[in-house]
Each structure stands twice: as structure tokens, then as C-alpha cells.
Amino acid sequence: MQQPQPKPPLPSDDKRWKIVNATMRRHGYTAHALIETLHSVQDAFGFLDEIALRFVAASLDVPLSKVYGVATFYHIFMLKPQGRHTCVVCTGTACYIKGADTLLAGIHSRYDINPGDTTADNRLSLLTARCVGACGLAPAVVLNGDVLGKQDVATLVNTLEALD
Amino acid sequence: MHPEDLAEKAAQIRAETAAIKREVRVCMAASCQSSGSAPVLAALTDICGDGGGTCHVKGVGCMGLCSAGPLVAVADKDCTLSNAVLYRDVTPADAPDIMQSVCGAPVERLRCPTEQPFFQRQQRIVLENSGRIDPDSFKDYVAVGGYAALVKALSEMTPAEVLREVTTSGLRGRGGGGYPTGLKWSTVAKTAGAQKYVICNADEGDPGAFMDRAVLESDPHRVLEGMMIAGYAIGANKGYVYVRAEYPLAVERLQTAIRKAKGAGFLGARVADTQFNFEVEIRLGAGAFVCGEETALMASIEGLRGQPRPRPPYPAEAGLWGCPTLINNVESFANIAPIIRNGGAWFAGIGTEKSKGTKVFALAGKIQNTGLIEVPMGTSLRDIIEQIGGGIPDGLAFKAVQTGGPSGGCIPEQHLDIAVDYDSLKTLGTMMGSGGMIVMDETACMVDVARYFMEFCMTESCGKCIPCRAGTQQMHGLLDKIAKGEGTHADLALLEHLCEVVQATSLCGLGQTAPNPVLSTLRYFREEYENKLVDDDVH
Amino acid sequence: MAQPAVIPNVRVVTLTIDDRDLSAREDETIIEVCRENHIPIPSLCHLDGLSVWGGCRLCMVELEGQARLFAACATRVAEGMRIHTMSEKLKRYRRTIIELLFAERHHVCAVCVSNGHCELQWLAQKCGVDHVRVPYRQAAYPVDSSHEMFRLDHNRCILCTRCVRVCDEIEGAHTWDIMGRGTDCRVISDLAQPWGTSDNCTSCGKCVQVCPTGALVKQGTSVGEMVKDQHFLPILARRRHAQ
Amino acid sequence: MNTKKITVATAWLDGCSGCHMSFLDLDQQLFDLIAQIDIVYSPLVDAKELPAMVDVGILEGSISSEDDLEKARLFRKHCKLLISLGDCAVTGNVPALRNQFKLTDVFNRAYYETATVQAQIPTRDVPALRVPVKPIHGEVAVDVFIPGCPPRAGAIGYVLTELLAGRVPDPSSVTRFGA
């Protein structure tokens, strides 16, 4: 009879690991809890670093390459830390038709960042999303989790400028 | 529990609030919240106080006309939206005037006429509670007849009778494929297996589609009710709702609904005091369009990369963890409760010969009334766009309407009179899809539109099969070249050949349908492509 | 080649493949029956002894009475099935799929250690690929030489996942997996780290032997020198599954 | 037998001339061929001008520079039938390996890092390099492809013999990429 894999210790005494651990416990430390657990890590830490990936892999007894394969398959998971503010420009069809690309161009010309980039001062990360389901308000952006509808370059850049 | 018990409970709830005559409903769905409906709700609640016991301010789900949000409706209790006084673009500063109007004349400067076709031409079944009830309130749902279908099924019907009603209804999968729902349920029911699963596909990935989002945000219990009836019919005791992480509000409302349904004994062990047990878990997507494909979705629930696998075996035979699994989309499940309540024959009386019931569409793009509508199957595209949608803004001419998302196609002016159903759209080279309709005016470049969708498919291809992985990229390259005015006739011929190969050989629906936007724009707007070609002197 | 013991209650069905009358066990896939009967069906991801992947789409066949095509590796035979493996349409599709592969990465046969012993190269010739009509993609990929015995050249990888499957299903190490998606997919060891630094690679070399191209090879081999040996696979697979 | 000889022109673009060497490797068969064809333009003969109309053009090497492109276009214009000979012409092959690098890096590598005397990038009397390196059919239409690095002499002989006999050759039976 094989012994169950002993659970690894938490990577540090950072309380957030307990939240992550709780997610895994809730799912009985089964391999299929991988995506839920990665969500939990990202919610707690903002991104997935190597320490987290190794901890999750060991806890759920999932091969490292499989964890990395899953983490890089889904667009939501970030393997790099994000800026203090996150601006997601929706590039769904309705937003595209109504000028999402001009919003991206506007942000690029003001901050010199492309989707996936973070400004050098770590203030702002720019991302794109495939439709946030706010098509009635196209073009839409999601700024730090809040949907802002009917944007144009001027209003958006003003809003971004006003952030701390 | 028997239906009479539930009816009594509903009557009790209604009695508790019998004194309330007038309601002020504030849309708290995602779109209106983005436009600032939360402070409006707070301001109205503040002024209303206890409303003298006769007036009540509440947050409700989507009222449809998202572009005019925040929307506030003032109505008699139990009154439908089309008979309410509706206000548009409301700000917290308007709260006093609106409260004044509860017992007085409407505030004309804020008024959004509900006599217009947008409201009058709809037939709401899926969205019947949307914009009327508080999605976070279990009592609200029960008061309007919620869970009556579940209780009826559990106490008065055998699983076979439930299957028969669903089959009779003629309901077809609202996720886009249009597979007969009754047949799907029957297959899973017939398949032997100690453990079976019900999955609700809420990974609404088509860009330009937000029907499922609105249903989940406006009436989450209805989806749970549909899933439980399905579980009872096929013999499953566990369900998963796979919902996009991009829809945090929908997830939140669903969580609340699950918690409250459980608390009330309508979910979990011994549902509504019967022998039927049913658990529901939410699984979050993580930004992968391909997970809308059912085998990829199941892989994702299993914690794997969301890559599809060859079918057969179909999920009905070997699905989640190899067990027989029923997968339906949100809107399909939302149709179940009314079908059981009113009977399959009632549902089959709505719509066209082969497509029954209503369909929720998301109108977006260059159209006056962007938002959500529900119309009977068979309504003409022209009615939807010109009447209900209010036509094209800025005095521009209509050019095409795109349906079916990245798997669909563009329909030109000459086919606008077609009655919309699964089969008619197919004959036009597009598909129903999940219900997104993107309207384009004369300024749209169709090659650019095709390139946009191909770029979408290219980035969303999972990479498993070669034709989709490499083919979409090559097709995108060719479309880009043509759009920039550098393509040759040989490039166009190669593009068409790649369309054929990718369509015929790709592993899953994403690849098989990826060429559709190109093929349909080539079918109706070929001259736009040809006008961009350069002469090919060397070839 | 040794067959698993015949299970008595599996029925035998009759079918035709390219108008030849054949019989087969009903639990067999079309590609298995074709291989037994020396009917050539191209495939790059299928390998006897590994699980079905269904990714290369080269083994697509036509079934009479069905509008769509079926992957022979993932479709079981059935009584009365009439299968066509070599229609002009299929030949056209296969040729295009192989061209898409050649254009996707840098398959420069002339300087490949697998030159002359490569399944992709053989298929290109068999399917009449004398040139690639789609533009080459021109993306640069690294070569991982960090392992002391083996080398991984991503430029020659076709993402068939044979290495991933043999490592997981036969060796049991699961050192390999795929990262990313779409055309950015890449075979990775552990956390996408150099192969030589992998914690759980056993250096068994099975991945190298099952790789159809020159993507996974032995260190120290020169052009044309790498010859693969896959005879061990059905034997190991049978013993594993008998456990 | 044709009364008039078939005219043939050949050129090598960015290649190693190995395909031409393979052509010469036809040895004895060359004499039979020469009885039927007339090589009117080639690095192997003296003619300096491509005639206005040639029956068969054979190009070796990839299109890597402006000169290559010009010559490929010239051949296409003046040849009734154009043959891509060898992997560099058919796939880009070794010359196309530089597509993985930036041109400046390629120049630095070639003219500075590995230079032992007078390190400098030549600018005069050398054709400008193109990015990316392409096979011949990436720029002009090609009628027959003979892959191989180099294609065996027999394969070249087979194709020419078939063409002379008025048949459409199927080189895939006797050739493959890389060999």
C-alpha cells in the first residue's frame, strides 16, 4: 500500500499561504483542484511565482511540468508581478467595432506600453480581454476590477492620469 | 414537499409584502453597475426609507437596454417592464425627482419610452424575472413561482415524464449547436453509470455575446432549478457551473443563490424534502475561449489544460472523469423551469417548425439600442435590427450583421428578411451561435472583420491539432496581407484552400468553424477582397 | 508484433477499407486495422503503445454515409463500415497539413541529425510535398543542450506530444508537458527549465526514441546519424497495462 | 525527336553551387542530354546574356539579396518553364537559417566578430541583403520543384528526361528535402 505524499510545509509564514492551503484542503488535495488553487494563489499574491508553483505542485502531487502547462495555458494567470493598477481593454467584437484599438493606441502613445506590459515605474499594467460582456457599453475597459463603459482615448487617459 | 406546500410558501411571502403597492427597481446587472447604478440605488433607498410601507426600492437584474443605463423602473408591484415607467441615464442627483414621481407624474426629462418596439416586441420567457426580482433574494424568486417546476418534477413526475416534456418542447441547445436538448438528456439517462454529472456551460466566450451573463446576474436560481430538474431526469446528483472568471458579479450572484437555495432546503441533501440529492459547485474559467467546447471544458474542470479530445466517445457516454455527463448552456437550463411548469406543448407552440421557443440576443455594434432582447424564434432579422434595435445610428446605412461569433458569419442586407432560426442561419453560411449580434454600418471593411475574427481564433487555438494551430495563423497572415492591399490572386486562392482544409480536418468546433467568417464574407462581399488585391505580374 | 491476449467476448466485425473486405475486433481503431493489414495511413502523433492524442489530423479518413472526416486513430471500427483512406481530397488535405508543419518551425533537413530517418521527412515525400506553398513563419526557437545525454531542438518539434505521453504513461516521470497555447506551445521539462536541471528526469531516453523528428536526439550525433528505435514501446506498454 | 534543341538556362542565387555540381555528376548521361538540349546561359558556360526566350530555366539557391530577386524575376520573365533546383531554391534551406537573427547581428558576426584583418562591413559593389530569405517560389511562380541537398544527379536527369519526352515529371518519387 502506498503512503500518501506528505504535504509540504507552507513556503513562509505569510498568512496568504493559509488561504491557498484552505482552497486545496476544501478540494481534498486532489489533482483536479489545480486551477481553483492557482486562482486562489493569484487572488492572494497577484501573480504566480516559482515558489507558489512548486508549493502547489507538491501539495496536490501534480508534476511540475503539468502545473506550468496549466498556468501558461490560461490567459488569466500571470507569471510576472503586475503594476499597482491594472487596465484591461476589452477587444471583443463590439468594442473592436467601436474603437478598442484606438484606446490601446492612446495608452501606448501616453505610457509606451503594449498589452502584457507594465510601465517602468510599476504603476500601470495593460492587458486585453476577449469580451468582458459589457458590449452595450462598448468600448469598455476594466480598471482595477471596475468596468468603465463608452470610453474614448481622452476620458480613459484622464482617468488613468488621476490614479495615484 | 408538494406543489401546494410551495404555493402556500409563495403566497406567504407575497402576503408579507402585500402592503407594498409601488416598486422602484434599479438595474444592478454588470452593465448598469458600470454606468454607476450602485450610488443611484443607495440614493433612492436613502430617500425612500421604509416608503411608508407602500413603496419599496430594490436592486434588480438586467432590463435590457444596457446602452441607456443606469436604468430605473417605477412600477406597480408585479408589473412587467413594458408597463413600467422607465428612466434612463439616471444619476444619484435624480433620486428626489424619481421618488416624487412614484405617486405623481413621471419625470419627463429622464423618461425612456417603453412603448417603443424594443420593449413591446419582446416575448420574455428566459428573461421573465430579469429586471423584476432581486437576484440575491430567494424569496423574490419563490414569490414569482420559482422552484415550482422543480417541486412539480420531484413530487409528481417520474424522470421519464420529465424527459418526455423536454423532448416534446422541442428545445434545442442554446449554446449555438442547436442539438435537441431532449435527445441529449435521454442519451445520458439511458447510459448506465453509478455516477453522472450535470454541467452548466457558462463560459460565454463569443465576443459580443452577454446573454448568459445577464441571466446569471439577473435570475441565478432559475439556472440552478433547471440543472436540478436535469439531474433528476438523468439520474445525476452533482452539478458544476463552469463560469468565466471575467464575470465576477455573475459568480457572486450564483454563489449567493447556491447558499440560499441550500439554506432553504432546495439544494443539497434531500432537495425539497424528497429523496433527491443534488450538489452544485462553481468552477471558474481562466480565460480560454476553447473551454466553451464541451470536452475542453471538462478537461478544465478536471484541472487540466483546456484541450479538446476526439469525439466519440461523447460526454453523454464518457464525460467528466469518464462518467456520463450532461452539458447544457445557461440559457438552455433557464428554459427548463417554464417548460416543466407550463408543459412541453406550450413551449412547442412558440417559434418556428424546427426551432421552438424564444431566443435571447445581445445586440451590439453600430445599432441604436444596444442591449439584450428576447424574441420568438422566427422573428426576422429586419425586425430585430430596424424595429427592436432602432436601426443604425448617425444616419449611416446598414451593411451586415454578424451572428455566431468567431464561428459564425456576416449577413448582408439582401437576406435581412429571413426568419431567424437554427436552420435558416445555416443556409446563409452563418450560425445561431450563442446569440450575439454585431451590427455593422457602411463604414465597416469586411476583410478587416474577417481578419479580426481570424486573429481571435488564432490566439484562442489551444495548439493541439495542426490545422487549427498553424492553419489559423497562416490564414490570418494572408488576410492581413490582403487587408493591407498587398495580397495577390494566388494568396486569395491559397486562403480559400486553407479554409477548406482547416474546416474539414480540425479536431474541435473552434478550428472547424474558424474559417466561417472568411467564407461568409467572401460569399457576400467578395468584391471587397478582390478590390484590395494587387496584380500578380510575376505569377 | 505481439498482440494482447484476445478477450473472448469481443466481437469480430467485417468492414471494407479501400474496397478490401476485412475483419477486425470491434474494440480496434481504424488505424490499428490498417496497420495490421499493411494499408498505409500517415500519422505523426499516433504510436502503438501510447494513448490516443488525435492532434496531427493526418490519419483522417472518409466513412461512406458520413459527411465529415474521422481520425482513424480515434475511431473504432464497426460492422459494415466502408472506409476510404486515399481519396484525392484526403491526399490534398494531408499535403497541406504537412506543409503547415514545415512552415511553422525550422525543419532544415539538410543539417538535421535525423536526416534520412525522420518520420516528417518520409511523410513529406510520400504525400508529394515537393515545396511549401504557405509562407515560412520565421520564428526562432532555442536549442536545449543542457542534458548530458540528449538534446532538444524546439525548431524541429511538431508538438505531437509523443514525448509527453511516453514519459507520463510508460516511464511514469511526467517530466515533459506542453506550455502556452496555439502556435506558441512549447514542450517543457518541469517549470520550463533547462532539461539538464530537471529534478525528475530519469534520463531513460524513451522520449528521444519516440520523437518522430530531429527535435529530441542523442548528444554527439551528426547529420543523418540519429536513428530511432521504438521496438521497446509496445512491449513496455503491454507489461505496464498488465500490471 | 525534336528537330530544334530545347534551350536551357541555369543560374545560382544564394546557394553553394552543389546542385550544379550534382548536375555535372550526371557524367555519361550528360552526353545524351546535350544531344537534345542547348545550354544558352549558365555559370557552366560562357554566355553573358540571358536570351529573350528560353525553354527551361533552372535556378539554384534562395533569394537572399536584391540581385537574387532581380535574377529570379528575369528568369521568370524569359523562361517558359522554371525549375527550382535543390533545397535552397525550394525551401530556403541553409541560407534561410539567418532569418532567425537580426541582419545587424549577422553582419557583426560575419564582418567583425570573426574578422582577423580590416574588420568592416562592405557597402560598395555588394547587393543589399533582403529580409527574410525566401525560396524562389516565395517571389516568383515556379513550375517544377526538385528538392534535395543536393538533389541526386539521377533525380535531375530524370526530371530533364521526362520534360524532354513531353511528360510532367513527378520528382517526389526520386527526391526529398535534405537528400
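Note that the chains take the letters A, B, C and D in the order they are written out, and that residue 1 is the start of every chain.
Assume a residue touches a chain if its C-beta (ideal position, glycine included) is under 8 Å from a C-beta of that chain, and two chains touch if they have at least 3 such contacts.
These figures come from a predicted structure and were not determined experimentally.
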Shared touch partners for chain B + chain D come out as C
Per contact tally, chains sharing the most pairs are A-B
Between chain C and chain D, the Cα-mean centres are separated in Å by 34
Cα centre of chain A to Cα centre of chain D, whole Å, reads 52
Taking each chain's mean CA coordinate, chain A and chain C are separated, in whole Å, by 35
Between the Cα centroids of chain A and chain B the separation in whole angstrom comes to 25
Multi-partner residues in chain D (2 or more other chains touched) are none
Note: chain A residues in touch with at least two other chains are 66, 69, 73
Chain B touches at least 2 other chains through residues 288, 305, 460, 462
Per the touch rule above, chain A residues touching chain C in the complex are 50, 53-54, 63-69, 72-73
Within their complex, chain C touches chain B through residues 52-57, 60, 68-69, 71, 73-76, 89, 92-93, 96-97, 100-101, 103-104, 133-135, 137, 158-159, 178, 180-185
Per the touch rule above, chain B residues touching chain A in the complex are 30-31, 33-35, 65-67, 69, 204-210, 213, 244-248, 283-289, 300-307, 362, 364-366, 370-372, 402, 405, 436, 438, 440, 444, 452-453, 456, 460, 462
Per the touch rule above, chain D residues touching chain C in the complex are 84, 87, 90-94, 96-97, 99-101, 132, 134-135, 137-138, 142, 145-147, 149, 170-172, 175-179
Per the touch rule above, chain C residues touching chain D in the complex are 102, 106-112, 115-116, 121-122, 124-125, 128-133, 135-136, 138, 140
